[in-house]
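Two complexes come next, and they have one chain in common, chain A, joined by chain B in the first and chain C in the second.
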Partner chain A sequence: MRRATWSEYQKDIADDKYYYARSCIRQNFFPGSERAFLNILSKDLGKDILDDPAHSSCTGIGYHSDIVPLETIMTVVARQFSLMNEAGYENFVTSCITSFGIYTEVLATWEEFPETEEKTRENLYKATGREFTKPKSLAHTSDIIFHFRDLIADKAVRRLVNRATGEPLKVVEHIGCHYAKIFPKSGIGGSEFPYVLAGMVDSWGGECVDYPERRHCCGFGFRNYLVQANRGYSIANSHKKLESMAPYHPDFIVANCPGCTMFLDKWQYTIAEMDGRTYGENGHGIPVLTYEEMAGLVLGYDPWELGMQMHQVDVEPLLDKMGVDYDPSAKYLGRNGKYIGKPEAAVVNGCSQDFIYDIKV
Partner chain B sequence: MERVIVIGGGIAGMKTALDLNRRGIGVTIIEKENRLGGKVLGWHRLFPTFTPANEVVDTLKAEVASSEIDVRLGTCATALTEHSVTLSDGTVLDCDAVVLCSGFTLFDARIKEEYGYGIYDNVITSADLEEMFNQGRVGLKNGGRPRRIAFLHCVGSRDEKVCQRHCSKVCCVTGVKQAIEMKKLFPEADVFNFYMDIRMFGPGYEELYREAQQSYNIHFIRGRISEASPTIEGRLQIKAEDTLTGRPLKISVDMLVLLIGMRSNDDNASLAESAGLQLAQSGFMAPRDLFLSNVRSNRDGIFYAGTVTAPKSIGEVLNEGAAVADAVTEYLS
Partner chain C sequence: MGKYFDMLMEDVRLREGLKSCMNCGVCTGVCPAAEFYNYDPRQIVNIVQTRDDDQIEELLRSDTIWFCGECMSCRPRCPRGNTPGYVIQALRTLSQKLGFFVESEKGRQQLALKRTIGENILRTGYCLVPKLIAPELHPEQGTVWRWIYDHDEEVYGRFTPVYNREGAGALRRIDDKSLDEIRRIFDVSGGTAMFETIERHSDRKAREMGYDGATQEYMMRTFTYNSDNEHD
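Let's look at the complex of A and B:
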């Protein structure tokens, strides 16, 4: 795809010294990814990044569910900035797309309506006795990986290439709505032709797939998912995307939002069980990766250290394509070799398909 | 002899210069391109009569060539007063009055990124289509014949998101004209026009709109396209809402034509500042009033003609050329 416009969307991304804000939900969905990000930054790239246990949730999901008022979330955001100031950092990096959207929105609101910033300062001081200065730069963690994509390519032990054929792997990239759809200029490449993930794929030897429903919602969508009665909309959206991308035979999907990554992965199992419809090679599903996992594989990390055993759709076919060495028997061994349990066999877990499945390859 | 400088050598500038020259007034035309003619040079046929555009431009150019009008090509005005115009090379030309006929800028369709102009091969603009007509090579990028063609109205017009709130006025009828031309070239194709309002303000326009539907079976759908994406067959999937039926719509087409609007020139602001002129909210120059002094600026001795003040049709532009010549003559006398 000729993404001619992405270079017009640039933002300042700091080169070093990051204050890291974790995600509430990524720890559960893809538990190895945040650790992988910290390792890549500190060990592979030699950067200074602080993983501060004192910071809290940004309360973004509560905010988008109308539970947390605007004044409250602004005060929570202000506290995070205060913690960053206290630790001596200026560059705020957030792991979650919802949080990134929240921080971007709050900073933009303060810029547009200075009285809200003053009120927030007052609220924070009253509640905690703290003061704060705004960050020098705000970035999502995928921005940081994008920023260092060429350095990572230099250190790569493998590329996004099918080892058997030498062909680039076909990758579906999907950005979270709150990355660029609220403030297009805050995302690399904007919202229509985002380049943050595509840039990584390009640099690491893969090939992005442009398909009709590329921009469509992944199916997370707070209103779709948080309201139980609406979950049918959630799976319908994921289904629409999967149906649209299937004819292009993608080797894997990569996303930069916790919700997108989880829903595109887990709904594949659900669709198979509900509808008998499965996707990917032999109907075993299309693996869904976080960008940290994709970077980790390129840098030679062990897939089980990256937490890839926690995926709903098995990643082994992709690992085999890329020529990744892994120990199948270690898949469900957690830290210190403790058995972490194994999911029931399903078509997306690589069990043999049978007649109930309508394989859409 | 009094001398008037006409800034812009499009149809407004040429018509103004000719009418002034006929009255014995010395005229200099300043044109930034290396030829006279302006935007109409890129057009193939004109609505609603399908008159070849070159008939209009060539006639005016021939009249200018056979007149005593001083034509300066490849230079533009960077500042002006009622008594002088400064050119890009620093030359200052003295004069007794100035007529600003610097026209408009076509909206850059790449700004509406969701339509994929510049990214997908068969997403083109109305100006590109005229160029294809002029070259006699209309079709898909791969040389194929389109089976389904969509026109999208109001690209860069009436759109707050791209800071273009004004109506560009002529795109509606251009869309109808081009749809008919495409249907004539590709009778087997389905042609759709996606619009938010159809504004058929001029003589013969409404009749053309009716003819498009009755004689050419062109489909008009009230709804804007939200995005264009590629399909695996190399077509374009477009999504829209049919606001008359209240239903979302998704179809695949072979070609998407974006009817791009007219926006104000970027240098209007600096010219206005140099001369103390007023700008309209849209960025076009603001005439003294819209009724009795619509070709006069707020400064005596500086006049306007054509699309420098607002989007207009070719007929209206030519009328303004005549009107401004009257106003300048009255001012000089």
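Let's look at the complex of A and C:
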């Protein structure tokens, strides 16, 4: 029944020749994942993907904080399309879920209200002298990894399996709200039964956990995190999800949205510092991965080259379960192996709770 | 009667987001903001569809319209095809245009958002950059973030050849020609005017509240103050 529902929501994903747009949050917190995406596409799969230095933020965080008007973001999006045209590409791929939602919303708005497209063309021309044609296809980077999941499985050096027991790893897959809640037909599997991450987990030998709050928002809530006074909203919603998934003992969480991946990681730290509560095994947090990190581990990439040392929750318990070879002493090195010290200990990584967190600073 | 409703209808998101609401409350049932705040999106949509100017103006001046996180979880669940999140976006835009946002604690926070995210977009071409996420203002980012922040050149240097420099890669410096295009887009499409509107009304309100205008001190007050944390 569920599979039949998923199959109703499919979309065409281009096989090659992509114009890549980076994500503000991901390049800050997961630059190794963006690099891994480009490497997997170009080196492992032999695809043509352009990382154009002239593109900018879509300004989506500003739009969803209501300081950037709709007319402005539509014009910024139009500029990105113009750059894609100029570079000779037709398939637009975005690394960010907020951006993916923005591009789908802008294209749908132009379709529904053609006068807004006309106005955008005028604005773009007036501001930059540019014109544009719309992309032939639009995809999120997780769509692309999903599209090639079986090719990745063919090249796998390990699977999402507990090496000691031979059992599939239990995976919580979290889909960013703006992937398919705004336009369900734009996401693989739609909004209620998205298959984009579950399909990767299935192909690579893991097992997804179904739990009550599976589709609940991570709690980013734009202004509800960005303004310090409002952060209770954000942590409260992450807390609700974490409490809901904990009884199912997931080995890790994987998310396809930059914010979700970061918040589910960082709020575990904060909850542990505040209350001493941890959600993983042996007093540790649950590791939170991007789908590129998950794909990279399957393909045999080094975890520190994937940037997994930038997570707050230690990933070593997961690496050990999967049988990943890694050098513990290389984790916190800078460029060219330079020693730059390491982060302070934290309750979420099994350190004892020796102070009460002061939320007001 | 209907003056504000007509103004809202100029926003395509209102036309797309509000057909007719039957008050079933599914939106409220799935809403993360309703989990946390005394907040009911169903009621907001219902008030807007009454077209009553007094009630809509009260909304535009209230904290209520600023609780939503714009996750859009309400959109696919509404059996009548409404999108309360779009209604909220239209209300917030109008509240800022009319200067009503400064009449509520949550609305006044728009100044902090404009000065952080907004100005960063015009300065760098990104909504955020590592140095904007100062650990002192973001204690929840944890010990690893502090380590990254303190050693940014070294940590990012492992993943990008162009940290703060021009070229292709993560966290590159966007070239001046591209940044000029972004700024001109803001000028011609209403982005700059929106920023100026937020500043102008914030300055007026700050003076009314006893500050010497929309100073850094006033902005930080909007960023940090939460009256729900005050206990007698």
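Criterion: the second predicted complex is superposed on the first by the 341 of 361 C-alpha atoms of A that agree within 3 Å, B and C clash if a C-alpha of one lies under 4 Å from a C-alpha of the other, contacts with A are read in each partner's own complex, and residues count from 1 in each chain.
One rule holds in what follows: a contact is a pair of C-beta atoms (placed from the backbone, for glycine too) under 8 Å apart; a residue touches a chain by one contact, two chains touch by 3 or more.
Note that the structure is predicted; figures quoted are calculated from it, not measured.
Peer 1: On the A-aligned overlay, A:A87 touches which partner chain: chain B = first, chain C = second, or both, or neither?
Peer 2: neither
Peer 1: Return the chain, chain B or chain C, that is in touch with more residues of chain A.
Peer 2: Chain A has more residues touched by C than by the other partner.
Peer 1: Classify the contacts of A:P247 with the two partner chains as first (chain B alone), second (chain C alone), both, or neither.
Peer 2: first
Peer 1: Using the superposition on chain A described above, determine whether A:E192 touches chain B (first), chain C (second), both, or neither.
Peer 2: It touches chain B and chain C both.
Peer 1: For A:V157, is the partner it touches chain B (first), chain C (second), both, or none of the two (neither)?
Peer 2: Neither chain B nor chain C is touched by A:V157.
Peer 1: With both complexes overlaid on chain A, does A:Q312 touch chain B (first), chain C (second), both or neither?
Peer 2: After superposition on chain A, A:Q312 lies in contact with chain C alone.
Peer 1: Go through chain A and flag every residue that touches chain B in one model and chain C in the other.
Peer 2: 190-192, 215
Peer 1: Using the touch rule from the top, collect the residues of chain B that touch chain A in their complex.
Peer 2: Against chain A, chain B makes touches at 110, 113-114, 116, 118-119, 227, 229-232, 237.
Peer 1: Under the definition above, what is the set of chain A residues touching chain B in their complex?
Peer 2: Touching chain B: residues 1-5, 190-193, 210-215, 247-248 of chain A.
Peer 1: Quick check on the complex: what are the chain C residues that touch chain A?
Peer 2: Residue list for chain C touching chain A: 11-13, 15-16, 32-33, 35-37, 66-73, 75-76, 89, 92-93, 96, 106, 109-110, 112-114, 116-118, 121, 125-130, 133, 136-137, 139-148, 151, 153-160, 162, 166-172, 174-175, 178-179, 181-182, 184-191, 194-195, 198, 222-226, 228-229.
Peer 1: So in the complex, the part of chain A that touches chain C is made up of which residues?
Peer 2: Listed in rising order, the residues of chain A that touch chain C are 22, 24-25, 27-28, 31-32, 34-35, 51-57, 59-62, 64-72, 74-76, 79, 101, 109, 112-113, 116, 123-124, 126-128, 130, 177-178, 180-182, 184, 190-192, 215-217, 219-224, 226-233, 235-237, 240, 266-267, 269-270, 304-305, 307, 309-312, 332-335, 338, 340-346, 348, 357-361.
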